[in-house]
Amino acid sequence: MAGSTFGTIFRITTWGESHGEALGVVIDGCPAGLLLDESDIQRYLDRRKPGTGPASTPRKEDDAAAILSGVFEGRTTGTPISVMVRNTSQISKDYSEIASCYRPGHADYTFDQKYGLRDYRGGGRSSGRETVGRVAAGAVACKILRQLGVEVCAYTRAIGPVEADMSRFDQDAILSTATAMPDRAADKAALKYLEEAKRAADSVGGCMECVVRGLPAGIGDPVFEKLDANLAKAIMSIGAVKSVEIGDGILVSSKKGSENNDGFRAENGRIRKTSNHAGGILGGISDGSQILIRAHVKPTPSIFLTQQTVDTDGHNIDVNIKGRHDPVIVPRAVVVMECMTALTVLDAMLLNMSARMEYLEQIYAKKLP
Amino acid sequence: MAGSTFGTIFRITTWGESHGEALGVVIDGCPAGLLLDESDIQRYLDRRKPGTGPASTPRKEDDAAAILSGVFEGRTTGTPISVMVRNTSQISKDYSEIASCYRPGHADYTFDQKYGLRDYRGGGRSSGRETVGRVAAGAVACKILRQLGVEVCAYTRAIGPVEADMSRFDQDAILSTATAMPDRAADKAALKYLEEAKRAADSVGGCMECVVRGLPAGIGDPVFEKLDANLAKAIMSIGAVKSVEIGDGILVSSKKGSENNDGFRAENGRIRKTSNHAGGILGGISDGSQILIRAHVKPTPSIFLTQQTVDTDGHNIDVNIKGRHDPVIVPRAVVVMECMTALTVLDAMLLNMSARMEYLEQIYAKKLP
Amino acid sequence: MAGSTFGTIFRITTWGESHGEALGVVIDGCPAGLLLDESDIQRYLDRRKPGTGPASTPRKEDDAAAILSGVFEGRTTGTPISVMVRNTSQISKDYSEIASCYRPGHADYTFDQKYGLRDYRGGGRSSGRETVGRVAAGAVACKILRQLGVEVCAYTRAIGPVEADMSRFDQDAILSTATAMPDRAADKAALKYLEEAKRAADSVGGCMECVVRGLPAGIGDPVFEKLDANLAKAIMSIGAVKSVEIGDGILVSSKKGSENNDGFRAENGRIRKTSNHAGGILGGISDGSQILIRAHVKPTPSIFLTQQTVDTDGHNIDVNIKGRHDPVIVPRAVVVMECMTALTVLDAMLLNMSARMEYLEQIYAKKLP
Amino acid sequence: MAGSTFGTIFRITTWGESHGEALGVVIDGCPAGLLLDESDIQRYLDRRKPGTGPASTPRKEDDAAAILSGVFEGRTTGTPISVMVRNTSQISKDYSEIASCYRPGHADYTFDQKYGLRDYRGGGRSSGRETVGRVAAGAVACKILRQLGVEVCAYTRAIGPVEADMSRFDQDAILSTATAMPDRAADKAALKYLEEAKRAADSVGGCMECVVRGLPAGIGDPVFEKLDANLAKAIMSIGAVKSVEIGDGILVSSKKGSENNDGFRAENGRIRKTSNHAGGILGGISDGSQILIRAHVKPTPSIFLTQQTVDTDGHNIDVNIKGRHDPVIVPRAVVVMECMTALTVLDAMLLNMSARMEYLEQIYAKKLP
């Protein structure tokens, strides 16, 4: 089926393979009148580029976004926004070995089982490069949200056993450290840990977090379209994510109700919660507190140690992955998490605009005869 | 928006409030020719009924399923199957207190913020009774899956700190213990733990797991419609679930690639994995191993201790919840997890039927002129 | 697939067979706060009831609507509204002949080809009784539209060769004549024509029209979700409709541009068109004029003359349809056309609420910090 | 909303403006394993290019299709196929007058009313150039259908009052005449009629038809997703179409049941209809006969006569459209109708693959343990 579309009102469709000619996204349903140019998107794409430190691959990616439609005289027109990024640095020969074997931890085997064939160059559609389209679209969603007073911010919470100390939370560090951690001390420790893993020809996992600030209460829908359910899907759809937590997450299973419930208090005519174990969502609907989501990311499956696998003829073989691979996925996935969260939250806000009769009257009143 | 619909081909729409006249589900897209009667559904509904032990509320629910359409002479006809369950035991006066205050941990506040009003009787649409429709539909999905050789099985993994010992896995115990644990010793310990919590007027959280056996490789779609992404949404949409894990879940973030990758081996012409850290899904597509999903469930928010909250006039008050409430949600939610998993997996299998040109030829060949 | 769902935001799912236990509809996405009770729905259902004149079947249908969910203390709550109508007068033996043969003009053959079996009682899901769910949902859509100043009105334009004279347009006649014509003289002539057809054991076709007044300009989406495209689908989905026209419809193909274009004129600060050949839609978007849709309806396929057909064993047979059948479909289908139009227009209005950045600011402004 | 997406399984999303940088389409859900290259698409795009005769505009369009993703080693991979066509011949100054006024018969006014702004260059998204994406996607759908034995063929039925004589039906003429008529004599007469209109600075309407041969019985879904309902939407979504007919279309409203019903006959074990007034669809499901659809197309709204309109400041003005415009839309729209029909029929066939339990067993049997 059409697996490359996300969202109901603000709906994006991504396309492109790791080593094809280009990758891109079509954003349909973007409200008209938003100031938008390529720099809004480029800023986000640059955050998923590989760097030069131990957290990243030496592969140079030059992801220049071109807006091909949907923007006129600097503003969105309400029609589909097509964004394209040319693949400029793909070196197909690097990946020729993938053609004939199933790399452990990758989707080579499952794509072959599903489709009967696959584009094996760099992992094709299952490569992390697929997220170029998500990030380009997410950049637009983030811009709209900011104008509505909603901020989305993701960062690396942990790399392997090295965890950021949240009492030292440093917003600037997220964009300036190689690990995207909000804690410079943890960043240093994590880089050291990564060096060791790299020396051992191995890779490591990590944890990322995303907070949404300024979201009004009342966003999200009951039952199947709960805000947390859609966030879980959005985040779990990022390659390598194996767990999603909302608020206290896995800790709730060993808590008492008296510990886990958040009380309510009124102050100066505003209702606030006395704590936020719920992570800002009750019954699938935002409660006005900060939304908190956590994702656990598996180690990069491409490691340089010898591994057991099977070739496409069904013979048992030993494989030694070559090429350029990040020893950890998290730092470059952080912006993807931020973008998927923004896309989910924005779509929920747009859907919420028809939740009450009074909203209809508000929009259509001036048009009544 | 329409938040009460789930699935693309096998699409269900649930309706009904805790204390309304009835609850139900419309299943559209069920393949024609399936033998189906009310007993197929009743068996699943009975598993979410409250029991008599310490894990449950004394409220008697008599959930009798009636099939109102879509079945003729014992078989599904391909048209919508409407299943209805009358609410027979609702006692509205029990819940009158909810009308004027926001219960901590419940969706009272967020529903009011979203809609401007709410059906406060028993939590209305945000009540756990909403799952009646999910379970009725899931029972049908499970029946189809079994005919295709796919078994879905959920159980309680832990209640508070009491965990089932999986080396003692006992399938029969799931349906016969009060906790739905697959380990009778853990069941006993958990019941004792629940008694204590009940005595303390408190509630407890827990963890449930679901396995899918017999699913062929190749099911699920890349990018946004990954099988694990859809499972995460399905499970996170169950009220009180705060975290979803696939395979090794949160453990992956502290693992090395060499530990986390599953190797492949060919044996007698079949390809198997040497381990299953991935939980049966690679790149969003099933790999032929067992699917493993875990969900962490918060403690029942209705506790009998005094709590701080706000009334609907915005005054700070103390509230003492009355009524009948399970001290733990997990045992009755297990069948809901099983059903949501089945609905997700079946829909993915139906969508997969058009993934290859050869499948089209297979279905339409005999119809060609 | 799920063929029984219509709409994106205001989304309805109908269910039920002609001679099953009940029929109904689930309306999901209805804005909260609308005053609604059964009488709002009953008034529309009564319009599709068979009458007693020559335009109708003598079969007594007692379609009493029950609202089972989604309304609390007289107002919609934003959660699914389930409406059910019990089948009280079905006499299955009347239709037993359908079981073994394919009635010309009916869907017996195509249902068998699609599903391999069918509920043959009264046509099952392909019966005109299926529209009960559409009308119940449409009644709610009409009520919302009226509050926004939008009126939807359908009527019979022609029965066989007898056409209503629009210069004598009489709104009251629509609800009070047996033919639902807005012209009492044409009604009389049509009834005479119907008597003749009935005496000849034959049936007749007809034409119905629907106008939408008060719809603001700007409703509908370009390309595939054009307002006229969605109206065409909505109306063509009514059984027996074989053609849909917008505005001048089929006449445009023999017109010149100079005759067909509608000019624009500004008057007192408002822009109006000098004519309305377009039927109120330009480029798929409403232009502020009256929307005009026309539908051509085939003669009732159940006639009492001997017809050639094939039985389910593949033998050629002659068939004589028995039972009770309207000699013309149009008068009872008029309310269905009105309802399908209302559902389409309302959904387009709800979707339009996120078309501009300024609308987002309007709804969310008061919620900004 | 997202108005630029069409289809459920075989789902296309088009993008691009008349005078933007490029136009394109993303096809998601195309079955894997189809042989496909640019020439398959180019052949269809060439059919919508302007010619040199009196039926066309002198504007040179050089629509070269590039496949950017989803095809590997000559076959579709099951992932999104992105097709792009660069705009090479747009001359923006030609259209500068549109910026400040609302052209009669165009969507200038309605776009401004909807979005508050518009890309006025060449009509932007409301231009006929938007169909480039539809045709590129439809070419792929047509190729798949042909492999399943289904042929889709559209042609011009009439231009103004000049109608093709179907008794002289000449398949080759469709692709070789300037009018796309299947009758060379009518083509000549039509060209003469067009010359006159052109001389009078006017434009003309016309009628196009599409037949689908080889479609098995059983395709399409009851109620809202009827095959004819989806065809009506697909065809009405083509700019300038004002009416859609299935089979006998508008004629049915003045027919008797005895004239309009198609009988069934069995012959050599196959069931055929004795006539095809229904146009191959009964109850929304294909009956195995030829599908017949007719569309009435309004005259090109851009005419060179002086017209009354309003400028964007709300002043009444006279306008004289300049530039290059076809005097008739039909000949170039024929391939668009063919493509929209193919997209609709293919999607219905893909959806139908899960209609019966036996189809599930057929696809999954070999995968069962």
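Order of writing sets the chain letters: A, B, C and D. Residues in each chain are counted from 1.
In the analysis below, contacts are C-beta pairs under 8 Å (C-beta built on N, C-alpha and C of every residue); 3 or more make two chains touch, one makes a residue touch a chain.
In this text, all values refer to a predicted model and were calculated from it rather than measured experimentally.
Any chain bridging chain A and chain B, meaning touching each of them, is among C, D; the list is complete.
Should one ask which of B-C and C-D has more C-beta pairs in contact, the pair is C-D. Measuring from the averaged C-alpha position of chain B to that of chain C gives a distance of 37 Å.
The centroid of the Cα atoms in chain A and the matching centroid in chain C are 44 Å apart. Look at where the CA atoms of chain C average out and do the same for chain D: the two points lie 26 Å apart. In chain A, 1-5, 8-9, 14, 29, 32-33, 78-79, 114-116, 125, 216, 222, 351, 354-356, 358 are the positions where the chain touches two or more neighbouring chains simultaneously. A complete topology is adopted by the chain contact network, contact being made between every pair of chains. Taken in their complex, chain B has these residues touching chain D: 8-10, 29, 31-34, 78-79, 144, 147-149, 214, 216, 222, 349-351, 353-364, 367-369.
Interface residues of chain A facing chain B in the complex, by the touch rule stated above, are 1-6, 8, 14, 102, 104-107, 109-111, 113-116, 125-126, 130, 158, 160-161, 197, 200, 202-207, 216-226, 228-237, 239, 242-266, 269, 271, 274, 277-279, 281-288, 296-303, 305, 307-310, 314-316, 351-352, 354-356, 358.
The touching residues of chain A, counted against chain D in their complex, run 1-5, 7-9, 11, 13-17, 20-24, 26, 28-29, 32-33, 66, 68-70, 72-73, 75, 77-82, 84, 114-119, 121, 124-125.
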